[in-house]
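Before any comments, here is the structure.
To keep things simple, chains are lettered A, B and C as they appear, and every chain counts its residues starting from 1.
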Amino acid sequence: MKKYILRRVIISIVTIWLIVTISFFLVHVLPGNPIAVNSGKILSTETLDKLTEYYGLDRPLSEQYLIYMKNLLHGNLGYSYKYAGQTVNGIIAKTFPVSAQLGLQAYLISIPLGFLFGIIAAKRRGKTVDYLLVGFSALGVSVPVFIVAALLQLIFAVELKWFPVSLWKGFSYTILPTLTLALGSIAGRTRSMRTLMLEIVNEDYVKTAKAKGLSKAVIVWRHQIKNAVIPMIPMMGMELVGILMGSFVVENIFAIPGIGSYFVTSVQALDYTMILGLTVFLGVFVVIANFIVDIIYGVIDPRIRVTK
Amino acid sequence: MEPLLNVEDLQVSFQTFAGEVAAVRGVSFQVNKGETLVIVGESGGGKSVSMQAIMGILPMPPARIKGGRITYKGEDILSKSDKEMEKYRGKEFAMIFQDSMTSLNPTMRVGRQMTEGIRKHQKVSAQTAKEIAIDMLRQVGLPNPDKIYKRYPHTLSGGQRQRVMIAIAISSKPSLLFADEPTTALDVTMQAQILDIMNQLKKDTGASILLVTHNLGIVAEMADRIAVIYAGQIVETASARELFFHPKHPYTWGLLGAMPGMETDKSTELYSIKGTPPDMFCPPIGCAFAPRCAYCMEACRKEAPEEYREENGHSTRCWLLDERAPKVEAPTAVIPKPLLNEEEVQ
Amino acid sequence: MSIVTKKDFVMVRESAGAADSIVRPSESFVKSVMRKMRTNKAAVVTFSYIILVTALAIIAPLVSRYEFDMTNIMDGNKGPSSLHWFGTDAVGRDMWTRIWVGARVSLTIGLFGSIIPEILGIIIGGIAGYFGGVIDSVTMRIIDVGVCIPSLVYITMLMLFLGGGPVTIIAALAMVGWMGPARNVRGRVMQFKNREFVLATKTLGGSTGRLIFKNIMPNIMGQLVVNITSGIPAAIFMEAYLSFIGMGVQSPMTSWGQLSQAGAAVFRIYPYQLLFPGVIISVTILMFYIFGNCLRDALDPKLSN
């Protein structure tokens, strides 16, 4: 187990370093002076030089890299080119909690519902409930999130007026975006859980459990569900990324001031420090999330501890 | 005397993508109290399916019991609900599976897998269940049973796991123990040890054993009676001695010829079964073994043979026993050579 | 009453070993897969749909009265009519034509975005497995780390370099997608390499590379076909998603994602502008997804139960 964790730690650190380094150099070898691009107006050569110096862009690239890494170790991601005077940290501090709330709510809904639906569908295989759930999950993984968002908006906000159409000003505002985001994830999990449950029904150890005279409920609960959930744990990291990416769209449609909308704007506006800062931030976030998922997997599945 | 278990004309089929497969086509046999019955036949012959049908652990669907009667201690168990059968499984019947690697839950400690059955059937406290479990592990010859108790299955060796399987099966003192190829996955020394444990158990508790295998050799010393199954039908039944020394069915001859320890003998060349078992999607009209049988007659292709019963309980499903058929002796090579003199053995 | 008579008790010696004659005629693997697919209704329906969409993508823009980028401000935001089957967008471009030009882009991305990473994976995995040693360990370490990097990072960086567009999306898919197949193929090659007859060929100076390739390809073909089929909807999805957030295909060029993005902006006033591309994307993805499932079942009878 120690070896397993150590290996994961090393891989995670190397990954983070690679993300930072590659992103840094790619962003910095791009042609064009980012300041000129971002100011939005024509600057005099003098102002441009001053700003270039201010952002440290006149130094050699290797030096800039060292400075960036040093700042990064202190958790400092630099200044935005576009939003004058704002730090990337400041923007993250302002926007990330919004995205985190949205993502977390969606995640917390999708986990129990996805498992539950999958289990129900598998247990009622071939019955109406199963068909409904399979249909729902097939649709859920096929319909892009923006269509779901538009439909939910149209039905529940515009027509029924149950929830606000957009913006982010209180809990009722979070419901539609959360549902939108959760839906795809519920669908995907329902599908995987159903498949796994159906595979496990045929496992020999389920027969053993049955041969022991255990009741159906005990077999499902004690022997099937845990073994079906285990292979889904490593997928949870991936799913988090999916929710993160989905939140970009959802934030866009519902006009939510989250990190996703800033990320997209900064890419379109070529706000390099922002792109770099947000990429590094989100990259590290995902790597750490995956690391945690891997460790949980190792703890829950006794086989991992010895084999890897 | 009323047999402990009586199976009459059991028929099981599987619904598959490509159609219905008749896996068991009218199997009948009895297991008496304190007796070991061995069902022997090639894989796919329907022996495991029959056993799982009796236990009530066949996944249905795709499986379906199409007919027959199974009585246990005089009670019809096929008509019992799944809920009622829970009281039989693990208590009256217990089962040892072939592959201990996949038959134990990989994410549950050995102890828990044992105590869950014990607590269900014996209604004891967690502490007592643990003591019983550890005692059982000791009985099946596992050293350090309290350590094994806390281990996960994948950390044990194949032999250890199979012992754990047996410990689970016998922990509630079943009257009828099913064993599905319990030694196939093990090496030869392990095989002997596992069979010894089962024999010991039979002696200690008076339990009956129903064992299925494809290997006649390993069961020679365990079996009281042997039933040979082919393509979902019992083709020959007799006491173990009778079957070994006076086999009547050509399929049995083939199985005897394939016994380990006989390989150096010329017997395998003299008599072995060619070809593969019939496709159970479309079972043949006549005798299912006819296409592979060296003694096949026209009759065998036209109609399935009746059972020919002898007074000593030896019954055979083969046209060769018909009075009209030419007399054919079993190839002497398939009779256990070192034991050719029957009287010497006993 | 038995139909067996005395004269039936004659041995028919030659029949021993004739067992195989009554066994169902065995089909070749490819044939059996094809038969299963043909008899599976879902497979037939989804496959017809895929053919139909592909055909429309090729033909519809050619025979259309309109160019996909032909604007006509006077005719903006017109609902579906006999002139414009799917209506027009804000600048009066014909939506029907745009959807099928968009289909070309989206389907191309789907196809290449799915095939390229698979092929790359096979090549890299094959090389790593065949040569082993340093090459192998370096590749495996790259993959260990590579799979940890979120696809978002790849996409962003490629976006900055190549700009938004089909090539960027395919490149991003390739960068993320080669690692899984590479691991798989490497494992198989490694396993196979140490088989006796391969070693024998090697000792005799034969070309083991070809031998391995010839023997491994049939084994991974099934998996490859399934992966590619399930990769297509994933790639179409990715395109739609990236174009939607403005990091993919940009107007005047079009794709299903780009059309959805434009449609979503005016969704509440002109719902049809999102509806048409949205429904087509959803249905297409669903169809590919079902077709992929049928194919997997046909290739692997174990899973189909």
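A few comments on the model shown:
Basically, a residue touches a chain if its C-beta (ideal position, glycine included) is under 8 Å from a C-beta of that chain, and two chains touch if they have at least 3 such contacts.
Owing to the predicted nature of the structure, the values given are computational and were not obtained by experimental measurement.
Among the chains in view, C has its Cα centre nearest the centre of the complete protein Cα set. The most distant chain from subunit B is A, comparing centres defined as mean Cα coordinates. Put simply, the C-alpha centre of subunit A and that of subunit C have 25 angstrom between them. Rounded to whole angstrom, the centroid-to-centroid distance between subunit B and subunit C, based on C-alpha atoms, equals 47 Å. If you average the CA atoms of subunit A and of subunit B, the two centres end up 53 Å from each other.
Within subunit B, not a single residue touches two or more of the remaining chains.
Residues of subunit A in contact with two or more other chains: none.
Touching two or more other chains at once are residues 305 of subunit C.
Against subunit B, the residues of subunit A that register as touching in their complex are 201-205, 207-216, 218, 222-223, 226-227, 230, 300-303, 306.
Within the complex formed with subunit A, the subunit B residues making contact are 52, 55, 57, 59, 82-83, 85-91, 93-95, 97, 99, 102-108, 113, 116-117, 120-121, 152, 154-155, 165, 168-169.
By the touch rule above, subunit C contacts subunit A in their complex via residues 144-145, 148-153, 156-157, 159-161, 233, 237, 240-241, 244-247, 260-261, 264, 267-268, 271, 274, 278, 281-283, 285-286, 289-290, 305. Residues 17, 62, 274-276, 278-279, 281-282, 284, 290-299, 301-303, 319, 322, 324-326 of subunit B are the ones touching subunit C in the complex. Subunit C makes touch with subunit B in their complex at residues 2-4, 6-13, 15-24, 301, 304-305.
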